[in-house]
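I'd like to ask some things about the structure below.
Chain lettering (A, B, C and D) follows the sequence in which the chains are written, and residue indices restart at 1 in each chain.
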Amino acid sequence: MSIFIDNRTRLLVQGITGRDGSFHAKQMIEYGTSVVGGVTPGKGGQKFEGAVPIFNTVSEAVAETGANATVIYVPPMFAADAMMEAADAGIPFIVCITEGVPVLDMTRVYSFVRDRGARLLGPNCPGLISPGKSKVGIIPGQICTPGPIGLVSRSGTLTYELVFQMTRANMGQTTCVGIGGDPINGTTFIDCLEAFEADPDTKAVVMIGEIGGNDEQEAARFVKEKMTKPVVGFIAGQTAPPGRRMGHAGAIISGSAGTAAEKMQAFEENGIAVAKRPIDVVQLLRQA
Amino acid sequence: MSIFIDNRTRLLVQGITGRDGSFHAKQMIEYGTSVVGGVTPGKGGQKFEGAVPIFNTVSEAVAETGANATVIYVPPMFAADAMMEAADAGIPFIVCITEGVPVLDMTRVYSFVRDRGARLLGPNCPGLISPGKSKVGIIPGQICTPGPIGLVSRSGTLTYELVFQMTRANMGQTTCVGIGGDPINGTTFIDCLEAFEADPDTKAVVMIGEIGGNDEQEAARFVKEKMTKPVVGFIAGQTAPPGRRMGHAGAIISGSAGTAAEKMQAFEENGIAVAKRPIDVVQLLRQA
Amino acid sequence: MNIHEYQAKDIFRNAGIPIPAGDVATTAADAEAIARKFGGTVVVKAQVHAGGRGKAGGVKLAKNPTEAREIAEGILELTIKGFRVEKVLITPAADIATEAYVGIIVDRASKRAVFMVSPAGGIDIEEVAAATPDKIMRLPVDPRYGLLSYKAMQMGFFLYPDLKQARAAAKIMQQLYQAFITSGASLAEINPLVTTPGGDVQALDAKMVVDDNELDRRPDVAALRDESSEAPSEVDARNANLTFIKLDGNVGCVVNGAGLAMATMDLVKYYGGEPANFLDIGGSSNPEKVVSALRIITSDPSVKAILFNIFGGITRTDDVANGIVTATRQNPLTVPIVIRLTGTNEEIALKILQENGFSAMTDMDEAVKKAVALATGKAA
Amino acid sequence: MNIHEYQAKDIFRNAGIPIPAGDVATTAADAEAIARKFGGTVVVKAQVHAGGRGKAGGVKLAKNPTEAREIAEGILELTIKGFRVEKVLITPAADIATEAYVGIIVDRASKRAVFMVSPAGGIDIEEVAAATPDKIMRLPVDPRYGLLSYKAMQMGFFLYPDLKQARAAAKIMQQLYQAFITSGASLAEINPLVTTPGGDVQALDAKMVVDDNELDRRPDVAALRDESSEAPSEVDARNANLTFIKLDGNVGCVVNGAGLAMATMDLVKYYGGEPANFLDIGGSSNPEKVVSALRIITSDPSVKAILFNIFGGITRTDDVANGIVTATRQNPLTVPIVIRLTGTNEEIALKILQENGFSAMTDMDEAVKKAVALATGKAA
């Protein structure tokens, strides 16, 4: 088992003929993801790589292909519209890779998507992968391997680093999820923890946080109250100076709220083993 | 029993110090309605008629009085805001008497109120009365008498006429509801029919329609499919010329849709006895 | 409130919709001058609040300025569906490749503004709906989000397979939605939306109906009202805050409330009469309104009897009685009057009427029967 | 993106918010002239992207034009929290009856724009939150409806018991929300919102932070950026599409991805070093970005060793390798470099580096340890 995506995932790619979209569509197909269609307005009727049908609109694509998931690689100013189009077409799982989506757009998208009962992952996230089953997004497939660990992270390349170290240590993954670091995103740590708790194949969970906000603190309380499976945590940004943005909007420290120290303390107080270094995650998982 | 309002109704009056609001607040209090508070911005802390506390905002009023219904008499340009304020304050039953509310305002209000699970009656309606228990709105109390008939109508004074004739003929009412004639309103014929069907004291229902739209036709189908109680119907506007507005926005005939003939036919086909004249309603109720 | 094509075009143009030039003329000479300015063939279109202008001879091509003058002269003498033509719009004749239809209306069922678009434009959309319903796309707009881009593109692709044209149409629909919302409209329509042989998408006609309830907060829109294009009695009624519609019968009706007014008219017909009008004096009453109502009704020579049917709720029947007394003092009646009133302050009203020589009834059916008998000359 | 007080005031004024006059000076002489124009006592305020200007001596009263010149001269020489003062805003001193606080921020938890208002204004809102939390009202705004009138009035009454002032404040909050939305802001603040002895409600200060992601579609807002008020290295980095923050250490870091960059800095510290910067070369890679990154890092004299930590995903490690080779050919390094890379096109990257005399590692911990040792002069 795995969470959110598996062998039955039938994926659309919105922006399939763009630079990023076409590159990653190929990567996903190579990995074995069932990419059933693409969407690029004006290219309806054509085929991507001679095989995947392209549609002008998401609703046409859903009607023709029975897609049950979509991944979005469109420019930031069009990403909000793409997410809403997907939700309106009835797609239950929407992954938005696009970085740089205006946060006020997301306030609207969040309401829209929630009212339609869809799950949104992202935006500004690397997507997710259920090793050996399906990959949606941009996480490099070769660094993952199937196994019993669930991983959820706010980060991109730091996620790869952790997965890479786990795979080198022979600790495979059920699903690795990057939820993205934007101030408003569709899926939270808690959503993923809940799903991992319910997934019988997941035996332990790695949670990778960052400075800024208090999602990690809330997730820690959730772990204590609702989870039976062991959780190992890591927080990036212990050396970040207060009040500065560190690369993406998620990473802001304002005053005392959202520091790495605060988050690590919340982890410890709620029974989450805290890794000091990324490599310590592997050791802590062994002890879990 | 009755529908929507009864002895337990605790009513707010929004616009209680205005011309219409103060007049009808007195009338409602005289009738015996439990008017627990009023709202007029800037007059918070004062008392209406020396007894009813006035508040600046609906949320304060609800917190202080435990109101479970509200009736709105504010000018048309402020009515949409008043309805949303009431819904946001958690009031489950909102009656808007105000005439002349822009229909585009109502497209927003409708979504807002529905998302909060409140029932809206109106706008541009006379309100409702459960004779002997509670009156909310402007239906003259003295023309009503308690009894087993439920009445629902799109009209104002035509409703009074019908109720008057029923009362003269000794046919009392459980509840008389005026849903209003605007293109977009909160409570439909079907909502009321459903409630009357569920009300054990209501033995028969009178439904008074008008030209325009197809709400009566849909209500007729509902009667056939879902109702066990007899329904008597009347439609105003048999002599109305096509394509002209007859006084309020509800009464438009466009082409073949929404004529009185069409509606009367729908009534007959679905087992609703059709009164040719208002007075015939009484006769048909006797036979029902 | 209806506005003219040329006024709707100004609003649409301001919203960014591409619309060919056009100028309004009130005389044949002006029409000729405008046609000369544009050069080439022009279209002369009657500006009246009525559909089917083309069939009524109100839309014609003119090949040169002289012909434009002659045609304008003819059209300016027309009366279309009861509306006198006071203005014509002159536009250069366009080369048309395709004609589509785009409209927005407020829809009772979905409780939203709904787009209706069809690639089969240029003709009555009801005809398209009847003949080829699959050529119409209906799309409700969530007022909380407005017309989202992907929805506009869905409609754009429904009209045009070409990406460039679909995008142009999508943009026009977003602009039309903006114009619709900011004008407080209940209907906005482009028929036809055309493509030119060069591939451009343009609006050749424009129609808009504004929600009367919006006018108080939109003085700029309210200023577009053209009273010269309405029946004088209806203008008079509106200025007196009455709702009045002239009909062909002989029983003049004064009623409070639209539903009761219609039911009263129906009962007039039921008892063998013909209503001369619909007239609703509305909820809040004052004697002035009644005076205005009587003035309007008595100015219609076909009225042979007057019927008041008042059920007092908010309306105070004593206000109505006072209005009747005042009005008939000013202008004594030349036709018989039947007064039915009941409800709020009924006793006071009856006393006022009696003191002034009027009698009143409380039963609606009896009152209507009597009025019909008086109008038709038969005994009641 | 931060904008200056005077720029935010212009935006708020355009939205209709009442704000007393004010003019910007870049020289003491200009300040004097402006003070003379206004007459009477004026306030001279440093225009820098930093809070706590008052405490830092950046806000002062001047009783006459001569004093305004002297004060402006002093303030224009200040550096506040690392920002040099290049401009001062001169405004007439206002008579103040009460001071309130009004702000909007985008809130992660409610996923909405949230108003925070308090009748205790004029001081840092964090202090109010700590000392008297019940004096703060928080109100999330549903983006689909905007700030509805009744919500604005709730806040208005929370600030002022007087109806007129509550209405004025409510209107200002609706205008502030409009300004916030149309500017693509992530924060907008009025502190203080004052009442005058005469009872008027006015904004005396203005602050706005714009979401960088909005700038592409709002060129008018983007044009407000004042590069003279930012650190040159950060301007350089932004123009090269890098995210760079200068810190106080000696290990220069070049990393792809913000999370990995922070984890790398943390690891530098863990092994006893101090990072000299945060630098994220972002997702999509190209050699040019790497060249810019090396230029920025090597221009910092405190950097004693450079650490590359690249995990190739979208970023192609061969792009990074090529960038390193190009940059070091242009400007030979004077400090040691440690390169860790793994992931996409790793083999090609290693080959490029080897051919050009660089060695590379694949283990993050080993690479960090080595860089720290080189920077501190100890053997790794």
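The working rule: contacts are C-beta pairs under 8 Å (C-beta built on N, C-alpha and C of every residue); 3 or more make two chains touch, one makes a residue touch a chain.
Computed from a predicted model, the values in this text were never measured in an experiment.
Asks: Which chain pair shares more contacting C-beta pairs: B-D, or A-D?
Replies: A-D
Asks: Which chain has its C-alpha centroid farthest away from the centroid of chain A?
Replies: C
Asks: State, to the nearest whole Å, the distance from the C-alpha centre of chain C to the C-alpha centre of chain D.
Replies: 56
Asks: Averaged over CA atoms, how far is the centre of chain A from the centre of chain B? Could you give it in whole Å?
Replies: Distance between chain centres, rounded to whole Å: 50 Å.
Asks: Centre to centre, by mean C-alpha position, how many angstrom separate chain A and chain D?
Replies: It comes to 28 Å between the two C-alpha centres.
Asks: Can you tell me which residues of chain B touch two or more of the remaining chains?
Replies: Within chain B, residues 108 contact more than one other chain.
Asks: Among the residues of chain C, which ones contact at least 2 other chains?
Replies: 144-145
Asks: For this assembly, give the contact graph shape among line, ring, star, complete and other.
Replies: Contact map by chain: other.
Asks: Quick one: which chain pairs are touching?
Replies: A-C, A-D, B-C, B-D, C-D
Asks: In the complex of these two chains, what residues of chain A are touching chain D?
Replies: 20, 76-77, 99-104, 106-108, 110-111, 126, 138-140, 143, 153-161, 164, 181, 183-184, 208, 210-211, 213-215, 234, 236-241, 244-251, 255, 260, 276-279
Asks: Would you tell me which residues of chain C are touching chain D in their complex?
Replies: That would be residues 144-145 of chain C.
Asks: Would you tell me which residues of chain D are touching chain A in their complex?
Replies: On the chain D side, the touching residues are 106, 108-109, 111-113, 126, 142-144, 181, 184, 186, 211, 213-214, 216-217, 243, 245, 247, 255-263, 265-270, 275, 278, 280, 283-284, 311-315, 342-344, 364-365.
Asks: Which stretch or stretches of chain B touch chain D in the complex?
Replies: Against chain D, the touching part of chain B is residues 41-42, 44, 56-59, 78, 81-82, 84-85, 88, 108, 112.
Asks: Within their complex, state which residues of chain C touch chain A.
Replies: Spelled out, the residues of chain C in touch with chain A are 145, 148-151, 153-154, 157, 163, 166-167.
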